[in-house]
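Here subunit A shows up in two complexes: once beside subunit B, once beside subunit C.
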Partner chain A sequence: MTVGSPPYRPDGRAWLSAARKVGTSLSVVAITLFGLLVITFVVGRMVPADPVIAIIGDQADQAAYDRVYQELGLDRPLVVQFGTYVRDIATLDFGRSHLSRNEVATDLARVFPATVELATAALLIGTLLGVPLGVVAAVRRGTWIDQVARVVGLVGYSTPIFWLGMIVILIFYAGLGWIPAGNRVGLYYEGLVEGPTGFLVLDAVLAAEWDVAKSALGHLVAPALVLGWANTAYISRMSRSFMLEQLNQEYILTARAKGATNNSVIWRHAFANMRVQLLTVIALAYCGLLDGTVLIETVFGWPGLGQYLTTALFFADMNAVLGAVLLIGLISVGINLLCDVAYRLLDPRTK
Partner chain B sequence: MGRNVKLGGVALAALMVLHAPATLAQTPDDQLVIGLNMSSMRGLDPQELNQFESAEVVANLYDRLLTLPADDITSVEPMIAESWEVSEDGRTFTFTLRDDVTFHSGNPLTAADAEYSLRRLVKMGLAPARDLTQWGLTAENVDEMIRAEGDTTLVVELPEVWNSDLVLYSLASFSTSIVDSQLVEENVEGDDYGRTFLQTNDAGSGPYTLRTWRANDLLIAEAYEGYWGGAPAMTRVLMRHIPESSAQRLQIENGDIDIATRLSSSDLDALAENDAITIQTTPGVGFYYIALNQENEILANPQVREAFRYLIDYEGLADTVMRYYGNMQQTIVPAGMPGAMEDTNPYALDPARAAELLAEAGYPDGISLTYYATPVTPEYEIAQSIQANAAEAGITLDLQPGDHIGDFRARNYEVFSARTGDRMPDPHAVLQSYAQNPDNSREANLAGFMAWRAAWDVPAEMQALVDEAARELDSDRREEIYAELNQMYLESSPPLITSFQRTDARAIRDRVEGYEGHTTWLTSWDEVTKSAD
Partner chain C sequence: MTDASQNPGRRGLRAWLVEEDVTSHRQAVAQGAYRGLVGLTSSPIAVIGLVIVILLVLAAAFAPWIATHDPYRQDLSRTLLPPSAANWMGTDDLGRDVWSRLVYGSRTTLYITMLVTVIVAPIGFLIGAVSGYVGGWLDTVLMRLTDIFLAFPSLVLALAFSAALGPGIGNAVLAIALTIWPPVARLARAETLTVRGSDYLASARLQGAGLGRVLWWHLVPICLPSIIVRLTLNMASVILTAAGLGFLGLGAQPPIAEWGAMAAAGRQYLIDAWWLTTFPGLAILLVSLAFNLLGDGLRDVLDPRSG
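Right, the complex of A and B next:
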């Protein structure tokens, strides 16, 4: 008889426990999203804009008003309206936007990739510039590079992003002619590439439409840089303070005492330990970018989710508002869940 | 660090190379690029929409029986109807249609399509249905009254006699666009009359076909090679959603767009200085007005109403904020129409006179009222100006910006100001709304009438004249009646005070020719040509 523990095999109870965990997470997600829907629905009804007048114009006669009022189902009690909406959502029917006249799902499939494309580009810029800048600033505290990082942070934080966008357009479009005025692609390249991902640069590359890809990339650069600038500021400030915190720990002293090189101390020891915090910051920044790009989308005429949601709110297009809010909610929850998974991978203590 | 700096340099160089090709070339000679704010567009169904920008698109995707030239909007001209006859009793209109017209789908256009479209407009009963229902056509009688006889004859019969010009104007409206009945029927969902399909698709026979339509983003129309009037010069018309006025200004200055619309006053001022750009203003059938709710005891006093006319800085506004948005006009018949008195503007800003009138009305210590206005240019600037002038006359106006159209329609307000926009090139368009109110009771809920919204029990004599003019067949007599009505309205201290007739301004690059803004929303693209810049 051999002595020792048998290899681990999950028994029924372990499966049950895992299933319970998944179940709990899912119900938390469901409750969160339902809460979001309730709040958006109620707030949406309190917005003073009248969707009927938004559709028929303010001079229409009362017969036309009543007809559209009924078509929108506004004559039914609020609870019934909400119940119907939730029932439709359950069958993945988000209804129709009265602004675009499309299915909300169709609209979202068009505008959301545009925002993801812009937000991802901005996040890449923010992370690739912000993290090294913050780390170096912490390591060389008090030197000129730290001062530069500080100025970048301060200016990036305090400059209103729409103003910066307008200045960029004024200088680089109107003045120098380096960048296009806005939108996702040159007007004459519109419609040449459609799908499959909705990320225009990627789609154009996949379709080997190099002119379209170049034009799309050219249109992406300016708004992505402006958004990326604000993110660089945020991420570099956070990276700097995380790094400083790590550098004051005793294990750093130990590592140095053991004769580790400076690079190794910073990147292998200190940086490895700030990854979890940094990940949280980057994930939050990404969430912020996905639902907070509206100003830049307006300034650069970028047909994304932010613009879609704002216009819908302004004209009381409730199906579009609810659909967009639900999508943003889902994405935020999704990113949070991904972060949880990443923590487990990066931080041995959470295993 | 050295490496980082080098990397940065490479990145910057790459950026500049990437951007170098984005040179700001002028728009192609055979394509027209229009910048606009698309956010109020509500789909492209001609029998449903009621909106300026959408109407312009529809006017180019579809044909109508009749048309009104942009430079002479009261002369009805043939379009699909080659000729027409009005019966002696004035009730029956018989149109002979062209037989060489095909829809974009390839289907031939016949009288059955015209019948289908006009009946569809009436039966759907949405906002533009008024174009026909005001002449007595209803969902119940329209199948009998509007009928095709053979492929090229369409008969429109009316239950009552109206001035035939008015009826013909209605049949030139975008709402009477002829849709491809076969194509629409194939796309009907339930009892939606094909609306879902037509809101985002084209079923027309006009000079342009719809290629791409993405709400709040982009619209591309392509020339229709098979157009009966000959293919237009512009092979494509591209409309780009540019919500920011300043962005439109930069783009038209750079030559990236040919036409900019709905610009702010300051951007229009700046563009007016540009040698390559012309500002075009198109008069509209509507007014900037102040409404005084007659359910309010104070405002029901004629002297108080009269006092408000002295609170508007007509001259000052005309020179500044209203330079491109309107022409000063205190009378009710729009300029250029029968009975108009363009130069009769007897009122000027005079707060002291307003205070006197108030005292005579029994309010020597002034009054306080709530004032609703929409916070958009130029309406809000006008409201602020009135508020300041009112203060001098002892009237405290609590100005509350917001979307109060609903309150105005429901009579839940004291003072309200905004602007109207009608489409018929005749005084009747304005008078039937401003000076007719068949039942002033709250229960009647006639929110389609401006006079009802002001709770104004319009003098019976005035209402009768409005009706008489619309039925009068003799044009000289009509002009007399409108002149009389114009004077009568001016002298009645009306609770709907007009100050400016609206105009719509566009900035157009000089290389574009033949783009004429249309008073009744029928701006057409098929006459447009472009020269080298």
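Right, the complex of A and C next:
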């Protein structure tokens, strides 16, 4: 792309070509989804805990055992069992959690918004801190800012996030009393605001319940900052290397030769050209956040998908575990697909 | 390294390592390693990483001499004591010495990372190199398989496998290995593709080299540097994932000293006994940082292309 050329806009042919490629990626996604199902199915079958005993307890007699064994379809061939499994998943039937006694799908729908709220807040923090840090580090390559960015990146990559969470609780809850303990909102405010988005802070603001919003925000800040820390590291590192790559291109030299100011070169030219890559990285960071939420929700008592997963794990509630794992896998695949599509549409070089 | 026919002793080892007229394969290999070492030590960051990793290995090897107490010995009359001259990092809820358990914990950490690496390196290389070299439908199948494993966030996948296999150190290693191999395979494939059409591979084939020979003699040397860098950087994430599994109770089982599990055990005494959580976590941070620093430095030395 040369300086002064009009910004790229996808035309009809680009859409067609993109659509064809999306078709290909969709078939890839279908295969990947199938693979996900195979993995969760196999994991479910490998479990040492007997699913029948998990349901009826170890005091039941042989007849009851056999009956449940057949009800679960465990006497049928594995292939048939897998077929049943796929059919159940396709109709959003993840089975019943024997811990909560609910349908796993219902449970997942209940806990999921909390995780999305937390992960989104963390992503915002990571992006708002990481992108400028990375860009500045690239522009001032070799200076102290670059060194700071490098150290932040490496330490951020190396921090055990569950430990950082505990240290934050130790200092800011126990020591300073700045942050509240556990859950999404103070005890008094619980259940005051319901829906429509499931993001408590947003819902409370929409309902003009300012006290609830304040309390919810207070609960959100600490876990989001801890999660955002690791994220900042990743995003700033990637931003730095994208920016460096752009700054080494000849068009930058041309722009400078034409007398463009430093700011204009960095933001209007170089940054404009790394936006697509950056978008991909941020989307992938979101997938990585799902990993982090499992640990952080457990540490902070945040009632989301991660805590649901670890609690289910603790009580060997396999339907719930597999449902949660599958959901996380599906989200990752979905995000990857969206990235792919966005990349194809926004980057003219992939035409 | 001394070779009678080369007789490096007479001219000095260093001269032998830097001279331009290389006369043997052995000398060429030695020179390559020497240049790498010089390059690595010229980066202060990598040296810090290397020193910490060496300290970790030493701590693991000489744990009985470095630890001040028996890491498993309980003393219920001395529980939850703060750091002091007798117990440098305090005692835990069973009266065990935290410093000693931390020292022994280095063995667990090293054991897990080494084992994962030993499992993952050959498998990842084999899948990636075969995929790239053979191509065709095999490539498609293997790469789809890789994508499927990549689709899961790694901790969640490791968690699912650990849950299925049951808690324990061996199963944690397997679970982590299952999540770590895909990037290695991707890398080996990419490296293989760069040389796939090259003349020297064609000439090897014409001389009758089979798949095994090509893989071992021609593709291993091509892929090795970037795989080493990748694996070193991976060790940091292996340590973090292992600690995360330990934290969730899926890794090493008590009474084995494992840093993640130690930090987790301190959680219920977090406010009264800060040392229980703080020190194991710092150890994890330090070691994982060391591997990241070392990997960063190694990349500059071994893999200049990816700058």
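In the analysis below, the second predicted complex is superposed on the first by the 278 of 351 C-alpha atoms of A that agree within 3 Å, B and C clash if a C-alpha of one lies under 4 Å from a C-alpha of the other, contacts with A are read in each partner's own complex, and residues count from 1 in each chain.
Quick note on the criterion: a residue touches a chain if its C-beta (ideal position, glycine included) is under 8 Å from a C-beta of that chain, and two chains touch if they have at least 3 such contacts.
None of the values given here were measured: they were computed from a predicted structure.
Report for A:329: first if it touches subunit B alone, second if subunit C alone, otherwise both or neither.
After superposing on A, A:329 lies in contact with subunit C but is clear of subunit B.
For A:236, decide between first (touching subunit B), second (touching subunit C), both and neither.
Neither subunit B nor subunit C is touched by A:236.
Now for A:321: first (subunit B), second (subunit C), both, or neither, which partner does it touch?
second
Would you sort A:214 into first (subunit B), second (subunit C), both or neither based on which partner it touches?
First partner only.
Should A:44 be classified as contacting the first partner (subunit B), the second (subunit C), both, or neither?
Touch status of A:44: second partner only.
Name the contact category of A:178: first (subunit B only), second (subunit C only), both, or neither.
first
Just subunit B (first), just subunit C (second), both, or neither: which does A:115 touch?
In the superposition, A:115 touches no partner, neither subunit B nor subunit C.
After lining up the shared chain so the two structures overlap, which partner does A:65 touch, if you call subunit B first and subunit C second: first, second, both or neither?
A:65 contacts subunit B only, not subunit C.
State whether A:166 touches subunit B only (first), subunit C only (second), both chains, or neither.
both
For subunit A, which residues lie in the overlap of the subunit B contacts and the subunit C contacts?
Residues common to the subunit A contacts of subunit C and of subunit B are 48, 166, 169-170, 174, 298-299, 314, listed in rising order.
Can you tell me which positions in subunit C touch subunit A when the two form their complex?
144-145, 147-148, 151-157, 159-161, 163-166, 236, 240, 243-244, 247-250, 260, 263-264, 266-267, 270-271, 274, 277-278, 280-281, 284-285, 288-289, 291-293, 296
Using the touch definition from the top, list the residues of subunit A that touch subunit B in their complex.
Spelled out, the residues of subunit A in touch with subunit B are 48-50, 53-65, 67-68, 96-102, 107, 110, 132, 145, 166, 169-170, 172-174, 177-183, 186-188, 190-191, 214-215, 217-218, 221, 298-299, 301, 303, 307-308, 311, 314-315.
Mind listing the subunit B positions that touch subunit A in their complex?
Interface residues on the subunit B side: 1, 4, 15-16, 18-24, 28, 31, 33, 39-40, 42-43, 50-51, 125-127, 129-130, 196, 199-200, 211-212, 214-218, 220, 238, 240-244, 246-247, 250-251, 253-254, 256, 402-403, 405-406, 408-409, 418, 420-422, 433, 445-448.
List the residues on subunit A that touch subunit C in their complex, please.
28, 31-32, 35-36, 39-40, 42-44, 46-48, 154-155, 157-164, 166-167, 169-170, 174, 287-288, 290-291, 294-295, 298-299, 309-310, 313-314, 316, 318, 321-322, 325, 328-329, 332-333, 336
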